[in-house]
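The following blocks contain the structures, represented as structure tokens.
You will see subunit A twice below: alongside subunit B first, and alongside subunit C after that.
== the complex of A and B ==
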């Protein structure tokens, strides 16, 4: 605790959060809208980083968990219209069930095989949504009757507060004993078991936690946007964006994943004048970062600090 | 009647799937690379072939050839710009090379997809059939082009088999897939073998891309879908096993055709996906895979 209070990083983080919270005072509503989405994506990426960076599970389908949370909340809201909190909690619960469903193969399979199962899970969910178009709106998507708020600033603060809370929880978790055990079992499962840690229990926990955060963030995102569609919460390209953001920001840093997401979404937005090419440029930058700074942006800064 | 129709249509599409997945599994078997830009390379071959055949006025056959060459070039660019730098990088820990190659090729695939759409077109491109006309097989109306495609696929697969099993260069490939270290100790240069396998890969992906354009049409947007189906066929058959992929391609191809004809065309991909999940749960190494 003492070292934490003395570390300059903590004060930088607090300063950044304060500046971010004051942004609505001078930033346009348009930019705030983009940042709001970026903050939710930050949570997606952090949840993914917990699973990949720490538990060592290559999850190609973050949108499976996100989509389960988002669509459960949206369908519930459309059919029965309970308070938003209830919808979000239901979304989170279903996402955790989805996380458990993914955890079962993860305990048996390794590397590319598990990656493929997660990819297939996304494709199946996407197909299921098209088949049950009666409830889900199919390929077009569905509108959600309730929204978090109609005020841009309030929406922005909700997203920011949510991001900060998730960041503190996930970062704390990753630095706790549980995080260390996860990291150990991700790197060498047998040795971690030999040291007496229950790897299975910890991995299942990692999946549930990652699913919980993904599901809540997915549900909140649709209550911000007022619509749920395959293209915004489930499509593989969304999952790719989450993964790229986490790798770009730096694996095993949690906070890097959030920074990576914000950077990625802002960069895509500022390059919009390039038309179709903006995705190309952003992917090229991400590829260059992976080739030249494989530790990611935050990882690189941290390493540089260690070397000095 | 419908049964025969399924048998014939399913055969053509399955042969194409087999050809598409073959290169993917070969690269994994020999050099351990899972190339997620696979669909992008197929799309490059298809779009360039279509462009050469149509706009440049080279005709269908020369256009096809140009498309295959484009696939070959794209494969080499992928190898030198993405795969080699990741494999050689000292900043990337050995045990994480795999995830870096997956992410790197994924990004590269997106760049190809967007680049193609920007430079040329994002509409599906369709090559003119290699031969025109229809014929009747036991009363089922079949385009001659469909037969031609199945024949070409099998000729290419046959040539690949001859190359791998009957030539010294092919035997080196086989050895590299079994024990690369042993091969190095015998004095063979692994990097030259990798160059060779990427050349084969480029040609296979190129032929598959061009034929697909002539059969169903290919758009830059379908690159991801193409990668996903090659990936699932290869996993179903067993990563790195060429004959396993061949069997899996037919299982998937027929399963999709049967679903499309007998149940509903919209449900086409679902049974194959469910089968894939089932196989991965019960027998993760796939039909003929080694662990």
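== the complex of A and C ==
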């Protein structure tokens, strides 16, 4: 605790959050809207980094968890209309259950097969949504009757507060004793077991936590946008964006994943004048970072510290 | 020896497909004793260690710890029951300090205990102090010398307070003074009443430390007793040395005077922080057959991998007038320096024929056919097995296929890395005869790496002895038998 209070990083983080909270005072509503989405994506990426960076498992289907949360909340809101909080909690619960159903059998597999299972899960979910179009709106998507708020500033603050809370929880977890065991399990499974840790138990727990945060964030995102569609919360390309953001920001840093997400979405936005080229340029930058700084931007800074 | 039996292994069997890695091994480990489990590569000693630890499932047999049957327990339960292991290679947490790495080992296996107990820090510091890490406790593992990394592994194993400690190759990569420090640490385990199992390639390295030695070969127990008894045991001597040492007198002189085809000058290799080769210099003349003998772990494979461009090294390696640093690993092989690796590296799902064809990819079709026919003549057994998948061959057949595939590249110099690995004596004879025919019928230059001296000597024109990453002896096979024959094991 003492070291934390003495750490300059803490004060930098607090300053960044204060500035972010005050942004609505001088930033356009349009940009606030972009940032709101970026913050939710930040949570997606952080939840993904817990699994990849710490548990050492590549989940190619973050949108499976996100989509479960989002669609559960959307369908519940449409069919029964309970308070939004209830919808979000239900979304989180279903994401965790779905995550468990996926992780328990998939973690028996090793290496690339775990990743492939998660990838197939996304395709399955996507198909299920198209097949049950009656409830889900199919390919067109569905609107939700309720929204978090109709005020841009309020929506922005909700997203920011959510991001900050998630960041504190996930970062804290990653630095805790449990995070240490998880990291050891991800790096050297056999050695972690030889030290008496039940690696499978820890990895499943990590998957559930990742699912919980992804599910809640997915549900909140659709209550911000007022719609849920395959293209915005489930499509493979959304998953790829979440993954690239986390890798770009820095594996095993949690906070880097959030920064990566915000950077990626803002960059796409600022380069919009380039027209068709903008996605290309952003992808090229992401590729360059991954090739030359495989530890990501924040990871690179941390590594420099390690070599001292 | 009235101390209670801590670990008891009975009739342990492990099969991998058709391969029997461990055959009916029974072993006891008592409190307060150090037992050496030794055997050459492929003897099954590491498999025994993995089976005890629960890393691999047991095929048959039982393992009991203090009377409790732990045979099919998962690793983490075995660990919690009181078995600790010091890995030879590990991946420490690089973003954490040494202290945090040790603390990890002291944490409970819990999902909800987010904060470590207060005494964890004190205990971690005490352990660091005991293994001699206090000075570097706040450094990151990547900045530590190799010996300190091993100390850290030792610290992690002690932290669990195990009653049985398994140590994999305790002294690999350490200098002599470090070996002394580690020996003291291991003796400390014994004095505290722990049972210690040291797993190593040969008796020599653990002789000073162990109370008892259990020697394995081809998955079976071949000898058991004090270090001296095991070293004198005829079976052990046959396994390591291959029995009577005979040397060929008929050739040599002419070949050694030829201009060198390969010169290795002051080559050093570091694996991370472990010194695998220390300023090694050798030369090989065109048409010469040179044997490099040394026990497992001496650095033979590393030397060959340096020649083949597979590991970075300092120093110079020249082959047929070219500096090999200018070529890639693939380029070196095409240039005529071909290695037949210890691990064989066959393409298991491909047939014998396909494996051979891959070796001959860069030859012209006519040349390939010719080479192919010649090789099937050299290894007649391969002709019978032509369409069989490589993985279904016996060990000896696989070795012949590996050599044949290397020869398909039409090398100027062939490196054979420990071809006798895990092979039964009768197969060795066949292999020896094939090498003899190879020498008679082609002008090829051969570098043979072996720990089985009897296999290495009859063919050799010249012998180098590699020990602890250094060349310690050079000469002809006849002199080897006289000078090195007794002190080698």
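Following the convention adopted for this analysis, the second predicted complex is superposed on the first by the 303 of 308 C-alpha atoms of A that agree within 3 Å, B and C clash if a C-alpha of one lies under 4 Å from a C-alpha of the other, contacts with A are read in each partner's own complex, and residues count from 1 in each chain.
Keep in mind that, in the parts below, a residue touches a chain if its C-beta (ideal position, glycine included) is under 8 Å from a C-beta of that chain, and two chains touch if they have at least 3 such contacts.
Bear in mind the structure is a predicted one, so any value in this text is a computation, not a measurement.
Within the superposed three-chain model, A:177 lies in touch with subunit C and out of touch with subunit B [touch as defined at top].
Legend: residue contacts after superposition of the two complexes on their common chain; A:82 is shown touching neither subunit B nor subunit C. Which of subunit B and subunit C touches more residues of subunit A: that partner is B. In the superposition on chain A, A:145 makes contact with neither subunit B nor subunit C.
With both structures placed on the common chain, the touch criterion links A:295 to subunit B but leaves subunit C unconnected.
In the superposition on chain A, contact of A:123 is made with subunit B only, not with subunit C. In the superposition on chain A, A:108 contacts subunit B only, with no contact to subunit C. By the touch criterion defined above, A:195 reaches subunit C but does not reach subunit B. Comparing which residues of subunit A touch subunit B with which touch subunit C, the overlap comprises 187. Of all residues in subunit A, only 172-173, 176-178, 180-181, 183-184, 187-188, 190-191, 193-199, 201-202, 205, 252, 302, 306-308 touch subunit C in the complex they form.
Subunit B makes touch with subunit A in their complex at residues 34, 82, 85-86, 89, 91-92, 95, 98-100, 102-104, 106-108, 110-111, 114-115, 117-118, 224, 228, 231-232, 235, 239, 266-267, 269-270, 273-274, 276-277, 280-281, 284. Against subunit B, in their complex, subunit A makes its touches with residues 52, 58, 105, 108-109, 111-113, 115-117, 119-121, 123-124, 127, 130-131, 187, 236-237, 240, 243-244, 247, 275-277, 279-280, 283-284, 286-287, 290-291, 293-295. Contacts from subunit C toward subunit A in the complex involve residues 53-55, 74-76, 79-80, 84-85, 87, 90-91, 93-96, 100, 103-105, 107, 109-116, 140, 142-143, 156, 160.
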